[in-house]
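Down below are the structures I want you to see.
Each of the next two complexes has subunit A plus one other chain: subunit B in the first, subunit C in the second.
Now for the complex of A and B:
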């Protein structure tokens, strides 16, 4: 936790160095939000029945997905475990990470978590506020929904982190994961409910998506935020998310122990 | 004229050198093809699901949307194969390796562009080449010689426009030493025009992508013209080559001023 706080602090300081950068980042999130808003407005005008939710809810879902994507997108952060590992493996500097007294998974979690928390506070919050004011983003239906959304968002991050960490483990074996990362983000985009909520997919695809962990990353927190699920279902989906996070973190840990044993560092 | 000829020859030999280095890794190409298809597959799945559920996006059927997407990929691949290095100017300036180009007796632009080609960008081309005929057969549109002629013109001007915009954004680095966030803003804009017809985003956005950052000329206007859509009058679409030339002129000017202003970061 202490490392996490330190990482958050470093992120904030480095962001303070480039203030125009920050403004441009808020600007581009607004553009992306405006884009999905127009898309769903156009679709809704064609046939409101198909969307399955009132237009403001759907717009909120799509815009919030964009906002979350700023911190969740696989290649967005240089601190994301797979990017960090691949960079350190390529340059041979991974040995310095191994020398530190904290386990690699925890180290990366603190680093990535710090950066993501920073992104959430200083990028997503302003973008969210602006979109509430100007783009018609709704507030969650109740305080309970809001709190559940935040909690679910943290779990989403943990699931995404552990998937990324597993991808990073691949990097130890193949030393290069750029291509795999591209394929991975493609799959993530389709199956996480980021672009289209799952209820619009054909039934056979919904069945597939329901047994995979990806939908927990975007669809679960977003559905909670717009109030598409009842209180009981919220609890169920939070438990499901927590279970996925636990399983995937554990899997990452096991894989790391396996990789660590056979690791040979390129003499950089 | 002699200078141009010498420049082209130099570019040729630089490319030959680069190709030799690249051909060492052939498996990389096939890996890229799979991942580029999956990455774009996400967008195509989205467009298909939307078109399947809603039957169309405005007046655009799924076939039209595939042509729109394919046109973007082909034009864009001109940038991503041959001029990809222009987007790396920021890195070169920040790390100080840009200085090297200024010391050699060949134009820095040629050295930069000829230093690398990203042959994996060919996967974008390939995807476009597959998508356009698929889309056309779905909409039942047939292209005569006239349409094919304009298709070539549109792809070339679209490519030039993509290159110039990327180049101009990179040139900002000469003044600010940082351009990545600006480039992100641009990416967000073209991610929208790549997939969706510009018409759904309202008039302000349309002015932005037609006049200010003319990415709509990569795929939207060409698609409107080639598919006979009612979204814009034909003469606006046919401005594509003019816009490409104007933009190239601006880019050349800015590049010259940038070079004159350049101070090494001294790293």
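Now for the complex of A and C:
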């Protein structure tokens, strides 16, 4: 936890150090938010039935998705775990990570968590505020929804982190993961609800998506925010998210133990 | 104290297969060749000693250091460092040692040196007072001041190694492993590193095992050398003894080393 705090601190300082990068991210998020807003407005004008939700609510969903996506962006201290691992493995620097008295998964979780917390406070909050003021972003229907959204967002991060970490484990076997990463981010974009909400898919696909963990990353917190789900459903989906986060983190841990043993026995 | 008994490490290396369907064969039933990187070595290093570990490229120096630091599990034999078995009591062991690889940094590439040190502080659970004291001392001795706030990637090699040394010593390790700490560093910076390492060894009683190809390092820093060749120890004793055995009191150390390597090459 303390490592996490130090990482958050480092991120904050880095934002000052890499000022242009930071400002560009803010700018990017505003443009992207405006973009998805225009897209859904145009679609809605064509036929409201396509969207399946009132326009303000759909716009809110799409813009918030953009904002959340920024949290998971690479930053000074934390490239996504899979990319970090692949880079360390390729350059042989993974040794230096193994020299730390902290487990690799925990190390990366602290670093990525620190970066994400920074992103939430300094990138998403301002973007959210601006879009509430100027772009017609709605507020959550109740305080309970708002709180549940925040909690759900943390779980989203944990799920995404553990999926990324698992992908990183693959790298120890294959060394190169660029192609797999591309397929992975494609799946993520389509199935997580980042771009297209679940309810717009045909039913058979919705059924498939419901049993996969991806929708917990974007769709769950976003649906809570726009009030598309009732109180009871909120609790259910939070439990589901927590369960996924737990399972995936544990799976990552187990895989890491296996990889570590192999690495230590066979040599890097 | 470091004790090593009949230590071995064998790597399995995939052997390229020849003939028809070679690719298919190597996928279905890969054949491995065994290579003995470390082939039954014994030595004891007492607390507070500083020992040079020398040998040609590929002689097994780094493999030994990796086993001593707990990254690699030995194929056979015993290792004990400060009463712990490195690969078994990993976490506790890692808190008690510092490792510097001259060839690669263990600091975070994109963040300022001081931020890396801060994160390491939490990983090793160094308390504030001790951290401040050490930081002050190392900043002074290694002249870190001018670049503490600079990201590691902007540092010159000499600066980087100094930063890495400080990072490896922040948690007051009892034992320090240095793998080619002076490689690629200019004459004056080398001189400074040597003085620093000698001082750490003398004033703080830190046990140091260092590998190097630089004969001046050996002459100026260590009283005892261990020479390894093809995974086996050729010589273990004082620098003085090395001279006497191989060429007389005023023989050039470089000539002596050359002769030992040639001789070793013949017997191996």
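Note that the second predicted complex is superposed on the first by the 256 of 268 C-alpha atoms of A that agree within 3 Å, B and C clash if a C-alpha of one lies under 4 Å from a C-alpha of the other, contacts with A are read in each partner's own complex, and residues count from 1 in each chain.
We adopt the following convention: a residue touches a chain if its C-beta (ideal position, glycine included) is under 8 Å from a C-beta of that chain, and two chains touch if they have at least 3 such contacts.
Note that the coordinates shown come from a computational prediction; the quantities given were computed from them, not determined experimentally.
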{"item": "Contacts of A:186 with subunit B and subunit C, given as first, second, both or neither", "value": "first"}
{"item": "Touching partner for A:250 - first (subunit B), second (subunit C), both, neither", "value": "neither"}
{"item": "First (subunit B), second (subunit C), both or neither touched by A:139", "value": "neither"}
{"item": "Which superposed partner A:50 touches (first subunit B, second subunit C, both, neither)", "value": "first"}
{"item": "First, second, both or neither for A:6, with subunit B first and subunit C second", "value": "second"}
{"item": "First, second, both or neither for A:38, with subunit B first and subunit C second", "value": "first"}
{"item": "Touched partner set for A:98, first subunit B, second subunit C, both or neither", "value": "second"}
{"item": "Residues of subunit A contacting subunit B in one complex and subunit C in the other", "value": "none"}
{"item": "Complex contacts: residues of subunit C adjacent to subunit A", "value": "9, 11-12, 37, 63, 66, 69, 71-73, 87, 90-92, 94-95, 99, 101, 104-106, 108, 110-112, 115, 118-124, 151"}
{"item": "Sites on subunit B touched by subunit A in the complex", "value": "28, 31-32, 34-36, 38-43, 45-46, 49-50, 52-58, 176, 178, 180-182, 184-185, 187-189, 191-192, 196, 200-202, 205"}
{"item": "Sites on subunit A touched by subunit B in the complex", "value": "18, 20-21, 24-25, 27-29, 31-32, 34-35, 38-39, 41-43, 46-47, 50, 179-180, 182-183, 185-187, 189-190, 195-196, 200-202"}
{"item": "Residues of subunit A touching subunit C in the complex", "value": "2-3, 5-7, 9-10, 13-14, 17, 76-77, 91-93, 95-96, 98-102, 107, 261, 264-268"}
